[in-house]
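Note that subunit A is present in both complexes that follow, paired respectively with subunit B and with subunit C.
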Partner chain A sequence: MGTFLIANKVLLPEMLVFLMSLLTLMAGVFLPTRMRESSALVFAQTALWGAIALAFWGMLAGTVTLFSGTVVVDHLAFTLKVLSYVTASGVCFYAHAYLKAMKMPVLEFYVLTLLSVLGLSALLSANHFITLFVGLELMSMPLYAMIALRRHRSDCLEAALKYFVIGAMATGILLYGIALLYGATHTLGFPDVANAIPVAMHGHHLLMSFALVFITIGIAFKLGIVPCHMWLPDVYEGAPTIMTMMVATLAKIAALGMLLRLLVSVMPALFAEWQPLLMVLVVLSLFVGNVTAVKQANLKRLLAYSSIAQLSYLLLGVFTGTTAGYSAAMFYLATYVLTTLAAFALIMCFRREDGEEAVDIADYAGLFQHHPWHAVMFAIVMFSLAGMPPFVGFIAKLQIFQALLQTGPFWLVIYALLLTVVAAYYYIAVVKVMFFDESQTPLRKVSLGLGNGLLTLNALGVVMLGVQPSGLLTWLSL
Partner chain B sequence: MIDVQTLTFFAFSGLLLLSAGGVVFSRHAVSSVMFLILCFLCSTVLWLMLHAEFLGLALLFVYVGAVMTLFLFVVMMLNVKIDATKARLLKYFPFVLVLGGGLVTMLWLALGPDAFSIKKTGVLAFSEHYNNTRAIGEVMYTQFVIPLELTAGILLVAMVAAIALTFRGSQQRRVQDTPKQLMASKANNLRIVSMASEHEGGE
Partner chain C sequence: MGIHEITLLTIFAPLLGAIVTGLACRVWSNQAAHSMTIGGVAVGLMSALYLAHWTLIAHPGFSDNWTLYTWASYGSSHFDVGFLLDGLSAIMLVVVTFVSLLVHIYSIGYMEEDPGYPRFFAYMSLFTFAMLCLVLGNNFLVLFFGWEGVGLVSYLLIGFWFKKDSAAEGSLKAFLVNRVGDFGFLIGIALLLSYVGSLDYAEVFTKAPALANLTISVIPGVVWSLPTLICLMLFIGAMGKSAQVPLHVWLPESMEGPTPISALIHAATMVTAGVYMVARMSPLFELSDVALTTVMLIGSTGALMMGLVGIVQHDIKRVIAYSTMSQLGYMMAANGVSAYALGIFHLTTHAFFKALLFLAAGSVIMGMHHDQDLRHMGNLKKYMPWTYAVFLIGTLALVALPPFAGYFSKDAIIEAVFLSTLPGAKYAYVCLVLGAFVTSFYSFRALFLAFHGKERMSTHQRDSLHESPWVVRVPLLLLALPSVIIGAVLVEPMVYSHAGFLSHGEITVLPNHDVMTTLHHHFDGVWHLVEIAPQGPAFWATLLGLGFAWIAYIKAPALPNQLAASCKVCYQVLVQKFGFDWFYQEVIVKFADSTSQVLYKRLDMGLIDGGIVNGSGRMVAYVAGLMRRLQTGYLYHYALIMLLGLVAMVTWFMLRHYHIG
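Entry: the complex of A and B
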């Protein structure tokens, strides 16, 4: 009975999210039409903020392993879960007015978002490959469907289909890796596999390397790291911007969670194998991401390529193999998510004359003259992504480089720094267009409803955390 | 000398592979579905050989009996022409062969058949009181209850998403479409027909 109570306390956030998603679904059936959409938002926010409170309460019990070791709630799971609840809450606030304007089904959006968050938090709490896999599926399925919710647009359908097919393939690759690992260790629970790997190393070294490669590539697909990045720009461009925001934040939290869980907790014995693997991925992604982004004329594509580069800094943190590196990667993820939320929310604010979303960089020429505050917020976001002080992106990159300098190799630090300079060029080029170019036709600004206030907070948060990062840094350190 | 078990195993796994190929390469969507059913039948036999009666029968009853029937119905209703896609499939087939073949060869060279420490065993033996269904139920509702609930969540997602993506509002309701009414114009709604004029009170 005692175990049962602890089980309830620790898993209360997930239970609340599941329950509220069902309630939201029922609200669509039983509430009068005029109340449906706003009550769905209220339900979603209640679920997410309630889950945050419950997660903090549950964490007082310390690390807990449940259900014969299929689920674990530890510091990694807890922090990433809270981060994903906060992110999802932000997405829901930004979404409300946008969904109506884009004629997307509002209620289903919230239901699917909550279910996706449920899958994500199960994945983060997984202590067994089965839980991990089912959580991953529950997280990804709603994302595929939600991209297609703007179903009268062929580019949205194309993006949804691409994301679905690539996602299915990545899942297949990951699953194949898990199967090979099972073949070598004859067990699926994370602690058991971690214990079995050093023993199995003697007989099945090659088999283990194969499993490692497949698992890492599977995660690389989810992260969108070179050479598994081909889907990313098309999906970012084609998806409705609110969904791009979600794919760029929630899916990345899942990928880092899996990476830390699988490589660091399950396969520390294979460190000598996965470190070079990550190095190849990082070196390729830094180059391809940053250099390709320079030539982009579409802002969403630019952010897609920039995300490839940004996430490779995150991989650099994991690459170091030290606790400082992992903590730096966690901090980097949190700041990246915060900045990305603001970036896509800003894109959602503007429409062209014909009512289409303004996605070309050229559309934003002379934005400062008409909408000075939004132009300033854009500048904050871009400078932060470029890693300039005093914004939070600078602190994040600083942490990564500090961790990397401790372990080396030194040439990798130089290489990453050089490509950061390239990155600064294209981020600042966007700011230059907004502040100094002559505007052709002024953009129409649309209200994000409650999202307007949040956007200001979000952009100020990018500055404030850059000035005062210590609280978040301590909280996220592993 | 080949015993019956080995013979059955190779016969049905061979048939499984052939029918899986049939699913991909058959000319007609309906025959693809038929091949898929054959696939499931073969896997049922393989599962039964492993004493996994519950899984085997569930596959037979649920998939072959219910799901595939619905699937066949949908495929017949849609009447998909897949000849065009077939041509593209054939165009990429060499790449698939090279990549897939390369991967399999690499796996074979690196791992070999003894990597998984597979030993040829006879038919698995269980005690008289062993109950496959009970064994599955016991782990499913204790250790794996969380993944089970999450799977239920996946099914819910599938349902919500399918409805959200296909439901286009009620078609039967008699309601006024105000924008449509306001857009009404003479050009669209009024047809002027020229005809010979009628004579009034002719005869």
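Entry: the complex of A and C
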């Protein structure tokens, strides 16, 4: 056992997360009721921060492949894993008080979160289509279940069902794409497939293109971009906000991981095919996301459409096909996740008079008068999402545009910039409502417990990383 | 702690005070607010003194140029946040933090009953932070950040009493005029970036000589020397910030702000940023005689003109404001004749005695219940002896009578301009000597009107006249001391010493512009400087001004009105401030207004707003409405769209494959 652990020390993070998820489950059975919930939080945080430490330790060994080449731990897997552990840890802190207030089962939440993170880890380390698929499913299943945790609420159930059905379809499509690829290359390990594709291109070019389209559509579901974006606003709106936060962050990390793994590492030979494909997706998504967001009255729906647009900027980075572009996409993802965490945590802070979450933009009229600091944090988040200096969103967009300017096409830069202007409109409209409109009935602020301090740190992080981005930029560059 | 950490402490301690106080301003008591900010600035002053001691005395010639971090880099150019600590910035550091601290303390008394008390202190500390960035930056990015930062706080503070219309207008005017200056400044910086490829001072100055022979043609057919264009553009920025003719019109309006602000921002520190900037850019300005001549002529013209306008002002603060513009003219003139050290020296002495004058005027204004009109004062020395004493000291320093501080700096400037070989130097010399007479006249006029002569205030005002509290008097005394001695103390190390504060490469002077070496030959100890005062014309001009003021406002108080009546034209020219405001208001503003009306109605409302902006806005809204209708909420619609997308893509690839379409 000991030698196995040392030999496979790069897998220690996953093992720890797995063990702690079981331990949390046990805690629910054996610990006295009053200790259950806080001990679950402690277990979850221990698992995640322990995993981060172990991941850094494991990374000292450099890139490692394991289990007959089905698992790989390289810089991409390492950075995205650390990012997902940090994200999950933030989600758990934000969740604790919220779950109790919403009367949602606390223990199940932590167990499912850990399992989902475990799946995400496996997905990010996948070096084989089977590993990838298992990881993907292990990540997605808990998410479906968690959205339905408020099972007496029909809107939550609706959201869970929609997410599940569309997700199942997307998985089917992805699997079909993998099958097509297997048919053409007769292998499933990533390096083998990558080697086989140029050979197979001669006989099975069309088949390969189809495989590419199916796989890309499968990933597009995770990213939530056109044409797989329709579910997004409904799920964002219907799910409990803490779950929206998770879908909006963890799932996107998985999506970028898959994009970089599958398109960039496995199918570089098909670059001439996937670049125009991504371009079409980006052009459509930028338009649909930004334009539709303008008319939204519900803040969560607005953030849903905004996320369609945000992730198309990320996709632009991958579209360039350059290392600079991939690194820009990584940075974009990290900053998007950071900002999104703060955005949904801020929504979780406020309730209407009837105790429901305040999700309409109009609810926030005059927020500045009653809760100035929260209004300022909202403004920070919105300005950052709009891509204004000195916030981190500006640096992220700048990196993307810089990479895109190197490769072109130039009209795409102009197009994306023009839609940024539209985006600035709806983000700033929210800020305007908060600072300049007269409040009708003041919102009730609820405490997020430990999340309160984290929220302030989170919002300040959005500013600090905008002022001092170089460290993160270096760490995330591929 | 190393020097870097102390530098950071100097800069960020005031910022910390500003942020904490700003965030807590709704909950905190006044006392907590001023303790926090004063604490921050006091830490700043302590560390600034340490840095100054280190740089100027312990390690003369010490220069510390370092980068805190790289904010962004694009291609080969990188934008850093970095700082440069040398003799020049060390002097500025001490001036800024010292005056700032005293003004903070003074404000405890002055702003006592103001409802915006914590906000006021937060702004002042924020200003201090921005000003420190401005003087400590090692590149144009940080300089510009500080430049805009002090500007921003200045607008906020001019409009501090924003419910008062004149304050709101004053802050708007300051904002607009400074935009003109900043426009030039930005063009200058952009030119440097495009020709040198860096914003770093060190790099720019090393590569600057290579620019000397480059030319640029902005308008086809007209060829300009590149360094001249760059320097003139930078100087336009300095003109805006340092209120040089003709971009000076905002400074009198800025007097609508609270008096401590006038002392800190509009006398001692921010308005001298232009002088500092030109001195810092000396390696660039030295390359262009045209630019230097422009600086000298504009400075000296302003020195005389603004002094003349000061004679006819009735508002005690405006008299001092015009005097500030006049003195800034002296500093610029010094820069123009390449006597940068003298410019900075006058900046330093001026910071002390002008802050003193403003704060003393503030004390008068408090006593007079916010009546600032000199015509309502008189014989205040009886009621406010302390204020009278310090105001007198400030006045003596300002009119440059030996051995007060102003004498050493101003007299040397006049002499340096006399020695200059630039074209127009004679004109500048005459302006500055006449300026000395004018300075003396308006300064003693204000002193006599306020503190001597008949009591002209209402009985109600007289009954409640009182000396200001100690919290106001202590800063006054602490400023009065340097106003007396700082000139004598600093004149040798700052100006006349070959191993002085500014003689280790902080400033660059080409041999053909060097007037300072000749000045050095005249130097024979501080006391000797005082002894030779009567040999220069400025001394007699000053005494003449004093005499005239005494006759006109003490001996024969009816005289000024008779003079004004007998020479209506001259009087009107001065009252109209040489017509700059009229020109801007009637010509530029009217022209812009009518043009913009036409553009607004036809082009903007009709074409752009109606067609493009609202049109595209409506378009976006319309399309958004359509899109939203697609969002039916039905699961099978969503699935259908996904599958249709898949089919479309597959079809597209199929068509591509068979080379159809």
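Definition applied: the second predicted complex is superposed on the first by the 471 of 478 C-alpha atoms of A that agree within 3 Å, B and C clash if a C-alpha of one lies under 4 Å from a C-alpha of the other, contacts with A are read in each partner's own complex, and residues count from 1 in each chain.
The rule we apply is simple: a residue touches a chain if its C-beta (ideal position, glycine included) is under 8 Å from a C-beta of that chain, and two chains touch if they have at least 3 such contacts.
Computed from a predicted model, the values in this text were never measured in an experiment.
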First, second, both or neither for A:303, with subunit B first and subunit C second: neither
Contacts of A:134 with subunit B and subunit C, given as first, second, both or neither: first
Partner chain(s) touched by A:226 [first = subunit B, second = subunit C, both, neither]: second
Partner chain(s) touched by A:277 [first = subunit B, second = subunit C, both, neither]: second
Subunit B versus subunit C as contact partner of A:91, first or second or both or neither: neither
First (subunit B), second (subunit C), both or neither touched by A:142: first
Partner chain(s) touched by A:108 [first = subunit B, second = subunit C, both, neither]: first
Which superposed partner A:206 touches (first subunit B, second subunit C, both, neither): both
Which superposed partner A:119 touches (first subunit B, second subunit C, both, neither): first
Residues of subunit A that lie at the interface with subunit B and also at the interface with subunit C: 206, 210
Subunit A residues touching subunit B - in the complex, by the definition given at the top: 11, 18, 25, 66-68, 70-71, 105, 108, 111-112, 115, 118-119, 122, 128, 130-131, 134-135, 137-138, 141-142, 144-146, 148-149, 151, 183-184, 203-204, 206-207, 210
Touching residues (chain side subunit C, partner subunit A) in the complex: 23, 26, 69-72, 74, 620-621, 623-625, 627-628, 630-631, 633, 635, 637-639, 641-646, 648-650, 652-654, 656-657
Subunit B - residues contacting subunit A, complex: 107, 110-111, 115-117, 142-147, 149-151, 153-154, 156-158, 160-161, 163-165
Residues on subunit A engaged by subunit C in the complex (per definition of touch): 161-162, 165-166, 169-170, 173, 205-206, 209-210, 212-214, 216-217, 221, 226-228, 230-231, 233-234, 273, 277, 280, 288, 291-295, 372-373, 395, 398, 402, 422, 467-470
